[in-house]
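What follows is a pair of complexes built around chain A, which joins chain B in one and chain C in the other.
Entry: the complex of A and B
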């Protein structure tokens, strides 16, 4: 799609004051994934068609209710990018045959959770990037299989309790680096975002609106239900993820990675961890100093390697 | 067959209540079905779970529409049509409500033939989303009312179903459940198994006839956008955010952007306005408002104030 618009998100005040996404959706109160989606939708606009793999967000469109102004397609968990290919091809054929006028064209947007993106949808996504599919991919990463009761996924962070990691030390594995995996495909654009930093998010969406090819977004999505915290802390926890360096905000294009919001002085990671029930065992009944130190050292090592901050 | 429905809000433990009661029935020698209603059981949303128990195989399926017992954890749901609490109740039904109010008040308010009992609300919590132990209390009260489940059978079922919790939490649940069980013993046997309805007893569903179109040119399309606004998610709210306008500095882009649901609109004068039909009560706005101009009050208190003001 060829649109070129000047970047106009400079201050919080520039954020959209009307919202496109309909209210009345079935996501949990305080859902960080929905918060990302509504912000992105406001900026992308209604000329969009969403292709949604199984996950919490599939409940958004349950006939006859939909929060979207346009089309929505449901696919199996592993194949949303393949669904997007079909939709894009169909649109392109209609455009070519002049059965669709250019102003009726729409942007194809994949929405999936982390379970789909980091796990079983990886192959379909890789294929879509190989074929340089013209689409946007939004992964809302709530670090587990939220819709089915927060089982662990390849995006679950080390030590988090999930319904399938109930042991005293939580999930023994480590979160997969999806940003690096996607960037290694050299698509048009890859970025990490978070709804708690709306300006950073808005600037990135504004940027990809004027681009074509695969534009890949991973949004950390604080999830009160799966992470076990009071819903009113959703934005606070998201902001702490950035300030502690747990969730680096960055973008990739043309072979280069740039950090877009570097925390000046990183806060200790325990400020982030201790607000969430899934990490409570690191603090109660006794403080697991070694466990916390390990998590901290991995964050420090990341920023050391990144040579920023 | 016993047919029992538990009504509450997502997070109050109605699924657990149905599991405890189901397991207790099973251990008492019954065939059992217990299930939460599958759907969007999000925190605060009205939900229900149900139990069927019989001495012989159960062939009935689906949600219970002729309950012998309806057990309500949160009395703010009773009058809410979307919660469906009173659905299918008749003179045979017992309605057990966890409430600070009396049975007579509810009996009169609902004008129902059903027998109303009160599970005296012990909790005094602000936020109804956090009624402690209510799942265990409801299960225990229901068990006592059927008079076919012994104390020990209930305790064994509770211990089994809560087994993943710390020992002190299980003990607390057990003690509180047994108190409810003993309280309800005075009405033991009030809930009796309902009869088997025959197919002809069922009302015809209200079908909407849809004419068949040529499949090649038709599909079930929704041509209207954003139809989700017809769903009143405001019913999920247990705490209500209220804007104190004199304190509000008019930076509506903040609360309006952070509200996950987009339920804060910006008025023509630049000030924010909360859409209470859809606000789920997450209170992110309360936490994010820079001048702390948004307060939260319990939803049931807000409704009482509204009712008084309009009276």
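Entry: the complex of A and C
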């Protein structure tokens, strides 16, 4: 498809000043997933069709309203990448047969939560990458089945309290490394992003806008209702996720992983944890020093292996 | 027109080729694979201008067929049995998108126990989805049925996807002579795909398959789909007249065989009905007034035509190659629904047979006819029967004896 000339995002004032996505959506106040979507949509523009899997964002388009100026297709929880395959293939067939002008072509963007991306939809996502599908995948990762009340998912971090892990130690498992799983498919591009770091996000969108093939984005999506914090803290929690090293911002292409925003001195992880009700049991009624230390040591080990920061 | 000796699977592939399909999302499953292999070979050799993509599951395959048809191309796909069930969420979903395309199902019994051979429980599971269903009994019907299914599905009054059903092994791997229309004749009949309002493109915002809030809008869209499927009844008759004019073959919604003065009637779907045809001929030769009805179109269900065709008959044996656990034959229930409370309705008897490719012998058809006559004399329908012979039971007992002996031996060690 025709790619527009690259934009350049160096400073915050380079960011679009108005949002393309309509207002009045039913997402929760402070939704980190919606913030990411705003930035992506502002940069990709309205010549897009968003192909959705069951999750919070399914409620963006409720008949007869939609915040999108372009296309929208809801599929199922497991098969959004397959929906994208059908749309992309159809558009390519129509372009080839000159039944669609290049000017009418659109970018196909899958948008799913972590429930679909890390679990039920993984086979369809793997298949789309096998087939080198020309599409963008945005996973808004709020680390649990959020739309159903934040039950734990394969994206839930260790020790987080969810509505199905209410015990004194929270979720016993560990967050699945979706970045590594996706990168192992060797798609054109994989990146982690977060709305609280808009320049890093914008640069990555700018980059993939000029590329073809599978372009995969995982956005950590701070979630006031699921993570139990005041909505006004969403940006701060997002920044702390990066500054503490919980959420490494990185990208993969051509067999290489690069960290795109390395915290110079990582803050202690408890600064991130203590703002969220889902980790309150680590601090109250008494401090679980061993639990916090384990989380910290896993973060330190990650950065030790990464040999940056 | 050319005449070729084709398997049912090849006939299905020819139907798709002649319908000028643009896009084929695929996934292999026995006994359907030959369909996608034929299509892939034609595309590879440049004989067919289409794109075939193998998805990683039927769930994805049906999603892609629906989303491609929603994006402006004519789509075709094919599956069978477990594959149809694996994709069932999307069967219902894409039907609700009101997106016309054709899927061939090669009927095969469902697990458990797992089997490769044919019966209709797979296709019956799609009964309430919103897909149209055309059931075939010959290879010719398959090739023609695919063309007819596109016309029906894409008709402005209908606009839902369609399944063309054929029986695994009995039809999928059986060769019969098939008259194939010239490509130009076929495309004159099927026409260009008109996506109507379904197309994603720049500068033309479109939302498909959105959520609704509340039962009011939900019911509206569900009723609309139901009414659209029902409208396919009258549309089918128009299409079938045109098909006959162009190709000289007629496919009434219900195939009637020797029904003129028939008193005792067999009802069956699909290729096993050819066994009933033979039985009708034998019974007629022996002085019975026997006949056969075979619904070609199962969804929409042709209730009115069934009432007309069965009024005044003495007794009807509905032979189901499916079983609804705890209820019995699905087709029997549907015929009972169609006939209940109508005047001069015949007695209705239920037989389950042909599960997992099990044969239905001529003797069994004669026994059913005999039972119909006795029921008629008594004025009371017989109890439902599960067809199974003494011989089959003896053979089954032998298998059980082996299994028990094996188990005993394992326990000894």
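By our rule, the second predicted complex is superposed on the first by the 305 of 309 C-alpha atoms of A that agree within 3 Å, B and C clash if a C-alpha of one lies under 4 Å from a C-alpha of the other, contacts with A are read in each partner's own complex, and residues count from 1 in each chain.
The rule is short, and it goes like this: contacts are C-beta pairs under 8 Å (C-beta built on N, C-alpha and C of every residue); 3 or more make two chains touch, one makes a residue touch a chain.
A quick note: this is a predicted structure, and the numbers were derived from the prediction, not measured.
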item	value
Which superposed partner A:63 touches (first chain B, second chain C, both, neither)	both
Which superposed partner A:82 touches (first chain B, second chain C, both, neither)	second
Touching partner for A:240 - first (chain B), second (chain C), both, neither	neither
Partner chain in contact with A:46 - chain B first, chain C second, else both or neither	both
Which of chain B and chain C A:28 touches, first, second, both or neither	first
Contacts of A:111 with chain B and chain C, given as first, second, both or neither	neither
Which superposed partner A:123 touches (first chain B, second chain C, both, neither)	second
Partner chain in contact with A:190 - chain B first, chain C second, else both or neither	neither
Touching partner for A:166 - first (chain B), second (chain C), both, neither	first
Chain C-contacting residues of chain A that also contact chain B	46, 59, 63, 66, 68-70
Partner chain A, residues of chain C touching it in the complex	22-23, 25, 51, 53, 55-57, 59-61, 63-73, 75, 89-90, 93, 200-213, 217
Chain B-touching residues of chain A, taken from the complex the two chains share	12-32, 34-35, 38-39, 46, 59-60, 63-70, 166, 195-196, 198, 224-225, 231-236
Parts of chain B lying in touch with chain A, wherever the complex brings them together	39-40, 42-45, 164, 220, 222, 225-233, 236-237, 251-254, 256-263, 265-266, 275, 277-278, 280-284, 286-288
In the complex with chain C, residue positions of chain A that touch it	46-47, 49, 51, 58-59, 61-63, 66, 68-76, 78-79, 81-87, 89-94, 97, 99-100, 103-106, 123-124, 126-127, 130-131
